Amino acid sequence: MDLKDIVEAALFVAQKPLTVADLQALYPEGEQPEAVDVRAALAELTEEFISRPIELKQVASGYRFQVRESLSPWISRLFEERPTRYTKAFLETLAIIAYRQPVTRGEIEEIRGVAVSTQIIRNLLEREWVQVVGHKEVPGRPGLYATTRQFLDYFNLKGLDELPPLQTFIDRLGPVADTDMPVPVTPASYHEPTEKPEKPESDPIIPPDPTTAGTGETAQPD
Amino acid sequence: MDLKDIVEAALFVAQKPLTVADLQALYPEGEQPEAVDVRAALAELTEEFISRPIELKQVASGYRFQVRESLSPWISRLFEERPTRYTKAFLETLAIIAYRQPVTRGEIEEIRGVAVSTQIIRNLLEREWVQVVGHKEVPGRPGLYATTRQFLDYFNLKGLDELPPLQTFIDRLGPVADTDMPVPVTPASYHEPTEKPEKPESDPIIPPDPTTAGTGETAQPD
Amino acid sequence: MSDDFEMVVQPAIAMVNGTPFTEMPLDLYIPPDALEVFLETFEGPLDLLLYLIRRQNLDILDIPIAAITRQYIDYIDLMTEMRMELAAEYLLMAAILAEIKSRMLLPRPENAEAEEDDPRAELVRRLQEYERFKKAAEEMDKLPRCERDIFELGGVDTSTVTVRKVYPEVDLEDVLLAFTEVLRRAERSTRHRIVREPLSVRERMSSVLARLKDKPLLAFAELFNRREGRQGALVSLLAILELCKERFIEIIQEEPLGELYIRIPDAAPA
């Protein structure tokens, strides 16, 4: 049986993304194909489906077939329920965890200026978009939240570096904005290797100040 | 957007077979394609997938994609669960049924001194090592469990009498058998030599019997 | 300065006491009736301040702090019936603004270092930080996502696939060890009666019962197999007697000297 056919069938059947290792494991031990051959089959399949309404896509936790975005107006009619709309509070909390992870609830509240409801945290944990990756060694040992592969899969991303870059638009406060905001680091350790989100091309808040430019001074806000 | 593409995507996404009417309903009212066109699209798709590992099939309740049967050996591995080890409770229950059959659940519980979970009984029945051979004519008519031919086959026994006789165990218990576990005599013919589960370093409650001494009946340190 | 970040304001935000509430307030003063609406519209005091900065060109460095603070304090009574927790955060913001104002009024030494002590700097930093994530959340909401823009496959049927169930491997030795353990426990607790019957009898008991499942009435003679010889006959007889004793079966004879049958007893004796 052709490796490509087996890979194709498995990806169609699995209800979740499959890794190269998952695909190798379709064969009995001792007969498993090389990873490089599985990758070649995946590349070939991607090519073969290029003109079809479904595409082979690599997301954070592996490869999956998915319907092309352009078909969503029709396909969404298959489902009675409207897709969930997330509240601003939910999305802001998620965004802070995604860009600033690992982060405590207190730190999220500090940034948002309001309390984060327990319900939001619970929803994020239940959806498995967010997990507790450790505890901060401060009194109370608050949990440190980070995003998961499922989060990336849901948003069709391979890694955190595919998130839109952080940017800011406050400009008229320039004269007082004398401390350079550090560009948040998005630690890659919880996911596939990723890089930092790109720093916005021109960070308009920061006035070109000859005294601080080039010093690389980054004030850690917490 | 091409009707065929929409039909294809919908069939891949839907969790059940779709009828021609279902497929027409993907379009807003007034824009729905004719049934004959949907059928033509389905025919075309069937053709296009003819050489792929999945096929478009018409079943009683509509159309659906399904995996070709020939791929079953590989695809089935996606669904296999990794076997876990059986618990001690499971093995004890099995042993009691083997030696004391036909036996009711209540009797097993009496011998073990603890309740027997329904899950264990279910697993034994599912594995077809145990069957219900009748019911005890007492209130509740409890099922009488006995081992099966499959049980004997699995352990490579011709009959139950090839199991070590009960007497062996009783003798090994000895009068003061309340500290260490005796090593049961397990004639090598019943099984491949394998690692034994850990046992106490110093076990021999069994008085050194000159007739068996030196015949391999030595406590092996693991 | 760009307008691309303008907040979307619906024609009527809410009805307050029957009057459409169409305009966001022009300053930090919030009409008491609209307070609840406000608390729900904005994600907090930082969000509100950002809005005012954008919308009203409000110079946060020159807010009429005294008036605002007075208005906020007036809310305290009203807020007890509302979401006190959230309202408290707005009050805190008012306090921060008041503090900034008061510090701004103090004379400041005219040297460069003092710039870092600008009381507004911290607030501005927080506003910038918040805005980054507010914007990021909006961007994230626009990302194509499952269930809305992209759909995972759910429809490929697998009924043709037969799943082989994988069972754990067991050593006979483990079963025997388990049995020893059972016996040891039984010995230790009560003087449990351990019957020393040959296993072949127990096995035969099982098989007799199994046969009765298929055929409810068995002739006594059917239970003996000539080929098993004497030994076999004895095992069968012992099995039948044991089954009878334990009331698993009953032996019946329809007429004197007639053929013996065994069957499952009709009903459970009380």
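Chains: A, B and C, in written order; residue numbering restarts at 1 for each.
Assume a contact is a pair of C-beta atoms (placed from the backbone, for glycine too) under 8 Å apart; a residue touches a chain by one contact, two chains touch by 3 or more.
Keep in mind the model is a prediction, meaning the values are calculated, not measured.
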For this session: Count the smallest number of chain-to-chain hops linking chain A with chain C, moving only between touching chains.
Result: 1
Exercise. Among the chains, which is located farthest from chain C on the basis of C-alpha centroids?
Worked result: B
For this session: Could you put a whole-Å number on the gap between the CA centroids of chain A and chain C?
Result: 22
Problem set entry | Between chain A and chain B, centroid-to-centroid distance (C-alpha), Å | 38
Seminar exercise, completed: Whole-angstrom distance, CA centroid of chain B to CA centroid of chain C, is 28
Seminar exercise, completed: Shared-interface residues of chain C (touching two or more other chains) are 151-154, 156, 158, 161
Problem set entry | Two or more partner chains touched - positions in chain B | 9, 12-14, 54, 65, 67-68, 71, 75
For this session: Would you mind writing out the residues of chain A in touch with chain C in their complex?
Result: 12-13, 15, 54, 64-69, 71-72, 75-76, 79, 83-84, 86, 88-89, 91-92, 94-96, 98-99, 111-115, 153-157, 163-164, 166-173, 176-179, 181, 184, 205, 221
For this session: Could you pull out which chain C residues touch chain B in their complex?
Result: 151-189, 192, 194-200, 202-203, 205-207, 209-210, 212-213, 246-248, 264-265, 267-270
For this session: Would you pull the chain A residues touching chain B in the complex into a rising list?
Result: 1, 5-6, 8-10, 12-14, 22, 25-27, 52-54, 65, 67-68, 70-71, 74-75, 77-78
For this session: Could you pull out which chain C residues touch chain A in their complex?
Result: 1-2, 4-5, 43-47, 50, 53, 60-61, 85-86, 89, 93, 115-116, 118, 120-121, 124-141, 143-154, 156, 158, 161
